[in-house]
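For reference, chains read A, B, C, D and E in written order, and residue numbers begin at 1 within each chain.
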Amino acid sequence: METFGKRYHPPGTPPGTLTRHSTSDTTHIRLFEYDAENFSETPSPTAQQCQHAQQNTLVDWLDVTNVNDPIAIRELGETFGLHPLALEDILNSGQRPKIDFHEHHAFLILNLPHLIDDDIVLEQVSVFIGNGHLLSFCSGKGAAFEPVRQRLRQGFGRIRTRGVEYLLYTLVDVVIDSAFPLLEDIGEQIEALEDRVLENPDKAILNTLHQLKRDLLLLRRALWPQREVISRLIQHDAELVNATMRPYFSDCYDHAVQIIDLIETYREMLSGMLDIYLSSLSNRMNDIMRVLTVVGTIFIPLTFIVGVYGMNFRVMPELQWEYGYFVIWAVMLALAIGMLAAFKWRNWL
Amino acid sequence: METFGKRYHPPGTPPGTLTRHSTSDTTHIRLFEYDAENFSETPSPTAQQCQHAQQNTLVDWLDVTNVNDPIAIRELGETFGLHPLALEDILNSGQRPKIDFHEHHAFLILNLPHLIDDDIVLEQVSVFIGNGHLLSFCSGKGAAFEPVRQRLRQGFGRIRTRGVEYLLYTLVDVVIDSAFPLLEDIGEQIEALEDRVLENPDKAILNTLHQLKRDLLLLRRALWPQREVISRLIQHDAELVNATMRPYFSDCYDHAVQIIDLIETYREMLSGMLDIYLSSLSNRMNDIMRVLTVVGTIFIPLTFIVGVYGMNFRVMPELQWEYGYFVIWAVMLALAIGMLAAFKWRNWL
Amino acid sequence: METFGKRYHPPGTPPGTLTRHSTSDTTHIRLFEYDAENFSETPSPTAQQCQHAQQNTLVDWLDVTNVNDPIAIRELGETFGLHPLALEDILNSGQRPKIDFHEHHAFLILNLPHLIDDDIVLEQVSVFIGNGHLLSFCSGKGAAFEPVRQRLRQGFGRIRTRGVEYLLYTLVDVVIDSAFPLLEDIGEQIEALEDRVLENPDKAILNTLHQLKRDLLLLRRALWPQREVISRLIQHDAELVNATMRPYFSDCYDHAVQIIDLIETYREMLSGMLDIYLSSLSNRMNDIMRVLTVVGTIFIPLTFIVGVYGMNFRVMPELQWEYGYFVIWAVMLALAIGMLAAFKWRNWL
Amino acid sequence: METFGKRYHPPGTPPGTLTRHSTSDTTHIRLFEYDAENFSETPSPTAQQCQHAQQNTLVDWLDVTNVNDPIAIRELGETFGLHPLALEDILNSGQRPKIDFHEHHAFLILNLPHLIDDDIVLEQVSVFIGNGHLLSFCSGKGAAFEPVRQRLRQGFGRIRTRGVEYLLYTLVDVVIDSAFPLLEDIGEQIEALEDRVLENPDKAILNTLHQLKRDLLLLRRALWPQREVISRLIQHDAELVNATMRPYFSDCYDHAVQIIDLIETYREMLSGMLDIYLSSLSNRMNDIMRVLTVVGTIFIPLTFIVGVYGMNFRVMPELQWEYGYFVIWAVMLALAIGMLAAFKWRNWL
Amino acid sequence: METFGKRYHPPGTPPGTLTRHSTSDTTHIRLFEYDAENFSETPSPTAQQCQHAQQNTLVDWLDVTNVNDPIAIRELGETFGLHPLALEDILNSGQRPKIDFHEHHAFLILNLPHLIDDDIVLEQVSVFIGNGHLLSFCSGKGAAFEPVRQRLRQGFGRIRTRGVEYLLYTLVDVVIDSAFPLLEDIGEQIEALEDRVLENPDKAILNTLHQLKRDLLLLRRALWPQREVISRLIQHDAELVNATMRPYFSDCYDHAVQIIDLIETYREMLSGMLDIYLSSLSNRMNDIMRVLTVVGTIFIPLTFIVGVYGMNFRVMPELQWEYGYFVIWAVMLALAIGMLAAFKWRNWL
């Protein structure tokens, strides 16, 4: 994950300035119109088609992916009467999740985390909802919404028979729940680390620990505010969340809280593991030093003794004794055994 | 305890989808009907029996254990008019404790911790209550409720003479209080560790410390929200908790708070002990290094001296002295004693 | 202090069950009746005497100590109309401080910390107050209330001229303030440790640090909620705390806050000292290793040199030089001085 | 950044005392007057010009930079009726960001962070707004406002067609957003450090870590209160922030929150990196000690053995053996290989 | 600073008991009476003078310093109708800052920190205000109020033309602001430490760090509650703080918040520096061990080699070679160079 991860204009730029950000993917727009009986899907709809969709009684979903084309966005903004600052937020991905209530519509920003090549990537999902139409803007490919598109196309489940609020719920539910597979994966990595950290604390573990901690930190920054977004969506006494829809959005809220709980729990587990890692390192160091100390403490004095009798003084009485050599061996053995006993007594062996 | 510990559907699945989770145990349903005079227990009741129970004036307790059969759950849901999302929560165990108030009933989820083979396991207990009937769903065997079933069968205490709210209180009380034996056990383990950590900091202690910390972290995640669940149950100005029942639920609330207090206190004690463990390790390392240093610092210079007089230079005046050998011994002894004194003065001996 | 420190029934026991806990001391009851003119003290009053005391206009104080006799407690409960759950709380000591307001009386639980043989012990004080009588139950010997009893007996101060609220204040004041001598003592221990931890970090300090930290942690758990209990007592718009009594209870509240402040400050001081302890250990280790390194680094190369000229090769030109021995001494001295200079330059000496 | 960073009067000085602080730059005043059609810029306006500007219907911006001249400030204060304590705050830079509402105007203090020679410097920006005029006071050169001045001069964007609130928004926006380039820069430094800390933990990294941590700490102190300032500006039900301007100030608020989020995330990342750094150091130490231990443990015993046969005892049978020399080599090789195998088995090689 | 720092009565003492604390200084009382035209200063006023001062329309300031005489305090309490518990608080210095509102007056306790011989000392300032008179009690010499007394005597500034609330503000301002010079001093000490901690981590730094941390902790305990005291003073809808005075007290509040901000920032900086200190120690240890390891690893094997050729076996072919001695030198040099290269490659040199 990117550390800074935010696009912004240089300070002093007039508000509402829209700039193209360099990505090779082209913006893709799809218009879904449906109710219980009808369904139509228009790829790359014209301004007229959008205008027309606004006026009929069908539920409209304008599904924009790979958002990075300022001209298309400004055009859509004019067609649907959106605030220039909101358009700026859509293009400058890396925003904090938030919800704004305007007179005729609400504007939500959420973060959809997913894995690309084992790296967690955040896709910003911005949603306008009001008057029977919903506009969604994904900063990435919007692949997570494919099951929803399929359910719409195939008329599977309740989705077509309900209004635009149910569509909003479906999209929000997908965005929130997409954190679960990621967190399950991280949970498994943590369990795998736990066994290794006590037995064999090596550098690779440190690296993985650091990587996980960092990912969870950035994930928390991205997902923490979503709880409040959904809470405010539920509390807002508008027609957006009526009595029928309330249990559905409450369910989303529960999931958002569970995700934060999990992130916090994991973060504390990783902190605990780093402590264990450090303790294990100290344990290892103690083992290493104990070996050196035992070997050194036994042999350094012995080496001194044999050095003594390697001296070339003219007069050294012991050297002339018949059994001097054997006596000195006995002395050294006694010394070694005494030291080993001392180490044993100190619990160093 | 499981790190992730949550069952969920892949993101994008329609809400209310019920799936079977793989456990070998079969779902078991019992229907208790009673008032002060009457009592009946129906194992595996039919839909008609349930319907009938709903209409009479007796208190009904539908006691479902080993919940994992989607067909039986859906059928019960239809009989008692339960929300599909609630049914989903019942089957997907590992939910966060919560309480939802619906028009005719309330829906609670609680976690019942117990020990299976020295491992803490969470059993999810979901309860619907309303209109004189109570439905309880245990994700496990529901063994903790056996004393309650016995009190009902034997008509012991006040339980049969009171309404369904008293039954709710009894079940909630059992769920909350089941944490006490666990925590008492953990408290004893902590006290046992405290003595060892200062005297003999070995790897096994580190392992136990880590295990306890992890269990308390997961336990906190599971039990922390229960305080709020009961608080909201008490504050909810419905007929659920009337003036007579209020002291009982207040008692449950006090216990929930005490459990959280204990978990937090234990967590801080364990953190403190890890610090002590690390300090003890450092102390040991100091001891080890001190021995090596004392031995090395005394004998390395002496070994150098004896090495000097082991050299084979043609002209080395000292070697020819009559008492050279004894002089050198005296010098070395003086040196060793001087160093020992220096170490003594530095408090290293 | 006990780590778990709580008495509880096995989960599933009917509420209000009273059990005897094993202590050798027998429950002792005293009844004080007084107003400005009258005073009487009845040891071990009968049920009739209690009943009678309830009906007259005197202030009654039923002072129960060494609470552990379920039969006597149940009898008192019936005489004064107390809730069975409250009686259970009185017997199962180790409760969290709390206050409950009932129709005719209030029920408080507080913790009175005191020293027994240098170990902090918590005595649970439970108080019922209402309609001109006050019942106090001490889980221990209630020695802390002796000054209050004396003031009543001797009519010293304002205590007899005021109502039952003033008696409540007097008891609460004693319970709260009993933490001050303990904390002053701990503060002195901390100051004593501070000097030693920098100079001479040994194992005994670690042990004391750990002991103090643990005591403060358990003390915080026991005393923290008392602040809220008194705050709720003051805020409760009943006749308990009228305008005259408000400054008195505010004073208690201030003391409760100061105690928590002190505990938190001490805890942070101890955490800081553990850091200092660890740093001092590292400093010592550095000192030790520096000595070993200086000695080793100077003498190991020199020992190598003298070893070279102890070899027995047939052809070794230096050995035959007239001044070889003196040259080699010069070389070694130069080497040693050079190394000492290098160490000096690195600030290792 | 300066650690204390605050200018204050000696305690006891009468309130509203204005003192000159020693900086070489001279205070510079500019007066902008404009509406949709008109525009004029007056450098160093006289008191009369200011008075006149107050009375006409044009929007007035009095743009004061390098604020350090007490006389000029007092004069302006009298012309515009400002409170002496506010003037004191303007001169004594290093204030905490705040907002005060007076009868006819509001008074804001904000901190504008920017880089001067790679060092983060805070420029205090104080703003009075009310009755169609805005006074801004920069403690530094006010270079960050240059794009705004240009937009005014060139009539670029909406700025001239809107009232004084839009000017306030523009200035606040510049101040808030000026933290983004700084934080992006810090984010890049952190990413650069992350790779090095695991591979090669040297002193320079420690220095950089410490520097970044310190800067973020001081930045947090300076920027944290700005969130509340803008929140109170929005909530204040005055004419300052009307329905049209609300989305603009909400945007500022979102940015202020994002900045705090980033600072907190960075701070936690740096804390994590310090832990990793310490662990890496311990790892390195383990590596170093392992090498010493392996070498020492193999060669110290061998050196003892060769020492034994360097002794000069008259009777040493082994020395006379034909193949003694070769046998001893075989023994030593076997010993060395055995030890290497033991190290391999302990995973030390 | 004192760790416990609180005076208290033994638990069970009747409330309002006043005791003399042992200090050699005698209590000193001064009475100031003034309005815009008049001014009088009475040292050691009698009870009648005080009574009289209460009744006239002048502003009265009864300025008591070195408060420790229970008789004088009780007398004043009776003259001005003060609550006995408040008098107790005045004498038992070391109270937590607080504000109490009574019917006719308010009672404030604040802490005035100042340096005596490089040690931070807290002077408790207690203030009664009401009905045009102000009573201030300093536990120390009250030297900090000298500038205020001078301003009164000389009629300098606005102080004489305003009422008693302005006098209150002036005193509160002095008390709050007296923390700034202390904190600036601590800030400079921290900056000085920062350079040393990275370069030369010695024991003196550890001592200073610990001292500063401890002082800030106790300072925080003493000053933290002052923010709330002033906030409650402002919010209290009495005549104490009217519209004119509000900006003045707001200014005090801002300063109180800045002081807490500074203390917290410093505390975090010191925590960060302790981490850096520990890391620097580990770095040093690594340096030390690296030197020992490099020297040991090179010379221990070489010493073994020269030991081999110092053996006295009868048959040792190499010893007889013509160039054996020079060959062995070449081998040893090659070995040493190889090892140096290995160390270079491992970045240990």
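The definition used in the following text is that a contact is a pair of C-beta atoms (placed from the backbone, for glycine too) under 8 Å apart; a residue touches a chain by one contact, two chains touch by 3 or more.
Note that this is a predicted model, so its numbers are computed, not measured.
Visitor: Just tell me the minimum hop count from subunit C to subunit E, counting one hop per pair of touching chains.
Guide: Contact-graph shortest path, subunit C to subunit E, evaluates to 1.
Visitor: Report, in degrees rounded to the nearest 5, the angle of the rotation taking subunit A onto subunit E when the C-alpha atoms are fitted.
Guide: Rounded to 5 degrees, the superposing rotation is 145 degrees.
Visitor: How far is the middle of subunit D from the middle of subunit E, if each middle is the mean of its Cα atoms, in Å?
Guide: Centre separation, subunit D to subunit E: 25 Å.
Visitor: Approximately how many whole Å separate the CA-defined centres of subunit C and subunit D?
Guide: Each chain reduced to its C-alpha mean, subunit C and subunit D end up 41 Å apart.
Visitor: At least two other chains touched by the same residue of subunit B: list those residues.
Guide: 278, 282, 285, 289, 292, 296, 300, 303, 307, 310-312, 316
Visitor: Follow the ring of contacts from subunit D, passing to subunit E on the first step, and record the chains in turn.
Guide: Ring order, starting at subunit D and heading to subunit E first: D, E, C, B, A.
Visitor: Enumerate the contact residues on subunit A facing subunit B in the complex.
Guide: Touch list, subunit A to subunit B: 144, 146-148, 151, 156-159, 169, 173-174, 177-178, 180-181, 183-184, 187-188, 190-191, 194, 198, 247-248, 250-251, 254, 257-258, 261-262, 265-266, 268-269, 272-273, 275-276, 278-280, 282-283, 285-286, 289-290, 292-293, 296-297, 300-301, 303-304, 307-308, 310-316, 347-348.
Visitor: Quick check: in the complex, which residue numbers of subunit B touch subunit A?
Guide: Touch list, subunit B to subunit A: 3-4, 6, 8-15, 83, 85-86, 95-96, 98, 100, 200, 203, 206-207, 210, 213-214, 217-218, 221, 274, 277-278, 281-282, 284-285, 288-289, 291-292, 295-296, 299-300, 302-303, 306-307, 309-312, 316, 318-325, 328.
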